[in-house]
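Consider the two complexes below, in which chain A is the common component and chain B and chain C are the respective partners.
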Partner chain A sequence: MNGYRYLAGIVTGSVSLLKGMRVTFANMVSRPHTVQWPRQTAPLPARFRGHIRMLADEETGFPRCFACGSCARICPSACITVQGRKPGDRKKKVAVRFLLDFTKCSLCGLCVESCPARALAFSRDYALAGYRDTEFRTMDLLEGLASPFQF
Partner chain B sequence: MSISPVTIVCYLLGISAVVGLNAVILVWLERKVAGHMHFRYGPMEVGPHGLLQTLADGIKLLGKQFLVPDAADRPLFLLAPVVSLVPIFVAMVPLPLGETLQAWELNIGLLLVVALGLLNTLGILLAGWGSNNKYALLGGSRAVAQILAYKIPLLLCILTIIMMAGSYSLRQIALAQKDGWYILYQPLLFIIYIVTITLETNRSPFDFSEAESELVAGFHIEYSAMGFSLFFLAEYSYMFIAAALASILFLGGWQGPFLPGPVWSLLKLYGIIFLLMWFRWTFPRLRIDQMLHLGWKILLPLALVNFLVTAGVLAL
Partner chain C sequence: MSAPPTYSLESTDNGNFLLNLGPQHPGTHGVLRVVLQMDGEYILAADPVLGYGHRMQEKIAENMTYLQALPYVCRMDYLGAMSYSLAWVCAVEKLCSFEVPERAVHVRVMACELNRIASHLLWWGAYLLDLGAFTPFLQAFADREQILDLLEYITGSRLTYCYFRFGGLAADVDDVFLRRVEDFVTGFRQRLPRYHDLVTGNVIFHHRSKDVGVILPFEAAGYGVTGPCLRGSGFAYDVRKCEPYSGYDRFEFAVPAEQEGDCLARYNVRMAEMEQSLAIIEQAVATIPDGPYRARVPRVIRPPAGEVAMAVETPRGELVIFMVSDGSTRPCRVKFRVPSFANLSIFARLARGQLLADALAILGSLDMVIPEVDR
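Moving on to the complex of A and B:
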């Protein structure tokens, strides 16, 4: 009986070893999962949350933000600073300063949800790098947008 | 038989080239195989598909400082990597890699290769003892426990082959398989042999003397720079020799249709090395007692029974 168990142990052991080898061989000949960044990039998920960005008004090209400040109020990390001015010919204010302290932001998205003008959205930037943290303490979200206050 | 100095120099140059190139290719191949078995690519950046990665690593190691610990036994510490590496230059002498590609035909070539294979363990033991480090010492003593467990089944395998071929000469053994490789007659013996060379080359699942997760790096924990790379060279060269021996003993050496002899030799040899890599990236490391159980209670009886049955069949 003992001899039988001895031989059976060798056989079942060898079979299980072969099964393991089959698994690793199948792995080896299948495609690697690695994405060779930065030469290749993985597709971002549709709901990816980068830092927030300011959307432009389609007609005027000005920031949609009218500086109500609800984003700054609701932000749990107090990382948004907004200032607005009223142009002479319009009723609504327009944002002239919109600064984000990205070092504090936890990407909770309350600002995006609370914005009555739907002026905020998540960007798809993820490859952010800088030499010092000050570069991300005051990110100017109005950069690149037109403004009614150009001189 | 007299040998001219020119022959010796040519031989040494050739062997150095084989040892160096083999290590460069095998380290690269190992990382590639490991990578692909993990759904990764392995090295990709230095050279096409990372081919020059090992070369870059080697150059980096050359530029590093070789440290000798204060508490180490200095002569032994310095001697250990040399003792590991030098026997390879002798062990490759009788290996026939082709019809005419053999440094020196020895009628006891097999015995020489097997005897010099033992010196690797001596190198590991010296490194383990000389480092004066508890991990290194544990690694070194494990290597000795290991050698007792695998060497007898290994020798029984070799003895069976010698009995079948009727010669200790590697060339004669290969030629004896002209009509049928010994793996066809002795499949069990081939499996035992492959397991024992995995043990002999200190490779996972039997890498007890290195055992990263238990002994950090085992016997070579205190080695840096070229001392470290000499151990690496030695490890991969022993793999080369063990695989070459396996291809000669069981797969007919350089003999095969269509392709020239050396190509067949290398194909078989690297096929066996691939098998060893495949083991390494599939099986987890055994416990010491499991390895001893395997060596003494499974490999030894099987090899002995195989030996006796073969002797009986040959006698009939």
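Moving on to the complex of A and C:
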């Protein structure tokens, strides 16, 4: 009886192994799930949350931010430093300095949501690399945007 | 609590020695250190050492506004972050008596269940990796990837979602998402038998997991074990059924339980749970109403003074958030009762007298996330 059980165990065991191998071989000839990065990239969804970036006003090209400080206050990690001034002829302030400490940012998105001017958006930049952390400690989000101030 | 034991790495007279399992061991899935007292291949005593990943989550939450603490709770259990967000927002909503629109409730349930399947899949792959099989890991990741893509589509993030808000969601879902979820449910149902072919019936797997690490029912209750580990020991206890929250009472699902209490039973419970989650998702997609996705709540959350306890079934077990409000914008006291911590407490008892390789099988079957243990 024991010998019979032993043999039956070997047979059912072998069958189970073959069944598993069938799955493995089926996978071997199936289409790969991976993409060959960096030659190919996987699609990014529209809501992808990269580091934040500053949007420009369509008319003036200046940053949309009017330095209300709401994003800096809501940020859980205190990553945002923002300062603004009033250009001579206008009532609203415009940001002169907007620094992001990306080393501390948790990409939570609360700042983007809290901005009354809808001045912030997520970038689609995910392959950030640098030689030292200072490169990401004070990221200047106003870079490349026009400014109403003369320096 | 007794004084912390001191360890010496010298072997004693009778040939026993101490072995450090971790803090960087692939079988511990994080920075968990277990000091093992060994007699050859057998474990005489196991002593988990915690705290390598301690970040004072409770204290951090007490120093932040309710909204600011939301991204942090996801960092405890990064594999089941949706359930953690859900627990946090539900606790605050309970405290402030906010109503949540129907549509948001459905999306929340959908997102949490997708997250649960993703978490179980990762566990499945990693557990088999612990037992020495590599193919299942890749198989599970291929499917998990689809869930992450789905969740990324609505939340913009792959692990630490931070998607729920007090009174609803951060953003609405569209029809494309709902269709994709339906497709995933159909597709994953068809692929599940492959999982069983690959592993469940496998004779080697059976030998490694059957009658290994048996948690007796009274022990499970005594140690406060919850989740699939508790259900593997014969208790069909699931917070989603026993204290329904976030509209779980609207959906039909079973609570799978097994009697044996061994690693195989916990495995079977998780496999069955994935099917139940699929059923819940299917119902949520079918019955999702139109309407607002976020209720109008005050911009600054200032709950009335009082306290609240919110229990949620995460993929790993019962999470309880206890929160005391003093009427200000920050919680006065926050306490997280996390499932992994309680589940780890029984490990020392289970590992005693086992082979080292079996101890790894047991550790894996408890499905712990170490940052959650340390928090």
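Throughout what follows, the second predicted complex is superposed on the first by the 136 of 151 C-alpha atoms of A that agree within 3 Å, B and C clash if a C-alpha of one lies under 4 Å from a C-alpha of the other, contacts with A are read in each partner's own complex, and residues count from 1 in each chain.
What we mean here is this: a residue touches a chain if its C-beta (ideal position, glycine included) is under 8 Å from a C-beta of that chain, and two chains touch if they have at least 3 such contacts.
Not measured: the values here are computed from a predicted model.
Student: Under the superposition described at the top, does placing chain B and chain C together on chain A give a clash or a fit?
Tutor: Pair status: fit.
Student: Report for A:20: first if it touches chain B alone, second if chain C alone, otherwise both or neither.
Tutor: So A:20 meets both chain B and chain C here.
Student: Return first, second, both or neither, reflecting whether A:117 touches chain B, chain C, both chains, or no partner chain.
Tutor: In the superposition, A:117 touches no partner, neither chain B nor chain C.
Student: Tell me which partner touches more residues of chain A in the superposed arrangement, chain B or chain C.
Tutor: C
Student: With the two complexes superposed on chain A, say which partner A:33 touches: chain B (first), chain C (second), both, or neither.
Tutor: Both chain B and chain C are touched by A:33.
Student: Let me test your reading of the model: by the given contact rule, A:74 touches which partner, first (chain B), second (chain C), both or neither?
Tutor: Touch partner of A:74: chain C, not chain B.
Student: Looking at the overlay, what does A:99 touch: chain B (first), chain C (second), both, or neither?
Tutor: A:99: touches no partner chain.
Student: For A:49, is the partner it touches chain B (first), chain C (second), both, or none of the two (neither)?
Tutor: Touch partner of A:49: chain C, not chain B.
Student: Taking the superposed arrangement, what is the smallest distance in Å from a C-alpha atom of chain B to one of chain C?
Tutor: Across the overlay, chain B reaches chain C at a minimum of 5 Å between C-alpha atoms.
Student: Could you list which residues of chain A make contact with chain B in one structure and with chain C in the other?
Tutor: In chain A, residues 17, 20, 23-24, 27, 33 are touched by chain B and also by chain C.
Student: Sort out for me which residues of chain C touch chain A in the complex.
Tutor: 64-65, 67-72, 75, 135, 138-139, 142, 145, 149, 152-157, 160, 162, 170-171, 194, 197-199, 201-204
Student: Looking at the complex, which residues from chain A come into contact with chain B?
Tutor: Touch residues, chain A against chain B: 10, 17, 20-21, 23-25, 27-34, 36.
Student: State the interface residues of chain B toward chain A in the complex, per the touch definition above.
Tutor: 33, 35-41, 44, 278-279, 281-283, 298
Student: Which positions of chain A touch chain C when the two form their complex?
Tutor: Of all residues in chain A, those touching chain C are 9, 12-14, 16-17, 19-20, 22-24, 27, 33, 45, 47-49, 74-76, 106-110, 113, 122.
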